[in-house]
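To keep things clear, I will list the structure first and then write my remarks on it.
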Amino acid sequence: MPHTAHEKKRVLTRVRRIMGQAEALERALESGADCGPVLQQIAAIRGAVNGLMSEVMEAHIREEFGQPATSEAQRQARVEEMTGLVRSYLK
Amino acid sequence: MPHTAHEKKRVLTRVRRIMGQAEALERALESGADCGPVLQQIAAIRGAVNGLMSEVMEAHIREEFGQPATSEAQRQARVEEMTGLVRSYLK
Amino acid sequence: MPHTAHEKKRVLTRVRRIMGQAEALERALESGADCGPVLQQIAAIRGAVNGLMSEVMEAHIREEFGQPATSEAQRQARVEEMTGLVRSYLK
Amino acid sequence: MPHTAHEKKRVLTRVRRIMGQAEALERALESGADCGPVLQQIAAIRGAVNGLMSEVMEAHIREEFGQPATSEAQRQARVEEMTGLVRSYLK
């Protein structure tokens, strides 16, 4: 998960961007950058991580609810799983 | 929304608890409480607001996906709406 | 805390605005408003609570560090208290 | 910033841990891991980024306020800078 090649690529691109941001932050810290710019870099990483989480959740919603459930039990299981994910990560 | 009487009551109970917390905070500020306890009260309100948002999202997921869509167009519209909500509020 | 009359008024104004937002949300839920607008109202309250927390922290920083400490021990105690507050609430 | 060798090492350790977590996430995504564990990994990264931000803020507070200001103007400038950082990043 995510399942389509397109979504997988989008998510991996986001993860690699975060890795690049973390490397840039490492270099900034090693070279003794000021606190203000360092915090700005960390805040940008935080934003990127939130964007990644949203992207994975959206892909999961499309996957789970984009086609009809094969049974009532499956539908209810999907609904339970999704509400559990929202409860865990919406904070 | 939320649609069942039970869910509506749960959500309203949460909103009223937040109102009570805000009133207690108002009294604490008026009586000159210390910064530490005041920040603790504000953090508790923040937690309660996040819990409320999660509860409303969960109710909406149950409502939208708990029964089969009546058409493919409706299913896709629901998926689009839900991914948009996650994108807007998961942060 | 906060200590000046001006800051106290600003903080109380924010708390009362949050109470007004919670009341508007209660009315919206009672009248059966749609999920989208309800979530928007909740997100606005969340933003207001974050703004309130920031305002109280800022007032506390001004209070604690706006004048010289009377002793080295007091200075260190203030620094410890402030780092503890940041650790608790920056999340 | 942070300025002491000890603090710099602690902060760099946190950044490298985040890089390791991002690499593990990349591998999980490439091998087609399920959505639940993937979201758990992303949430762990989010927590680590918040911890890093707090650590940098705390080091900055110690640096700025751990010793007396050399002038009233410097003290006020430090207070202004710190309140600005709290306003920008406490959310």
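The chains carry the letters A, B, C and D, assigned in the order they are written, with residues numbered from 1 in each.
In this section, a residue touches a chain if its C-beta (ideal position, glycine included) is under 8 Å from a C-beta of that chain, and two chains touch if they have at least 3 such contacts.
Labels paired with UniProt names: A, B, C, D = Regulator.
Since the model is a prediction, treat every value here as computed from it, not as a measurement.
Q: By label order, what chains touch chain B and chain C together?
A: none
Q: By residue number, over half of the contact pairs should agree; on that basis which option among B-C, A-B or C-D is the same interface as A-D?
A: B-C
Q: Using only Cα atoms, superpose chain C on chain D and state the rotation angle in degrees, rounded to the nearest 5.
A: In short, 180 degrees.
Q: For chain A versus chain B, what separation do you get between their C-alpha means, in angstrom?
A: Measuring from centre to centre gives 21 Å for this pair.
Q: Using mean CA coordinates as chain centres, what's the chain A-chain C distance in Å?
A: Each chain reduced to its C-alpha mean, chain A and chain C end up 28 Å apart.
Q: Multi-chain contacts only, two chains or more: what residues does chain C have there?
A: 50, 53, 57, 89
Q: Take each protein chain as a node, join two nodes whenever their chains touch, and name the resulting shape: line, ring, star, complete or other.
A: ring
Q: Okay, what are all the chain pairs that touch?
A: A-B, A-D, B-C, C-D
Q: Would you pull the chain C residues touching chain B in the complex into a rising list?
A: 1-2, 8, 11-12, 15-16, 18-19, 22-23, 25-26, 29-30, 32-36, 38-39, 42-43, 45-46, 49-50, 52-53, 56-57, 59-60, 63, 81, 85, 88-89
Q: Which chain D residues qualify as touching chain C in the complex?
A: Residue list for chain D touching chain C: 47, 50, 53-54, 57-58, 61-62, 65-69, 75-76, 78-79, 82-83, 86-87, 89-91.
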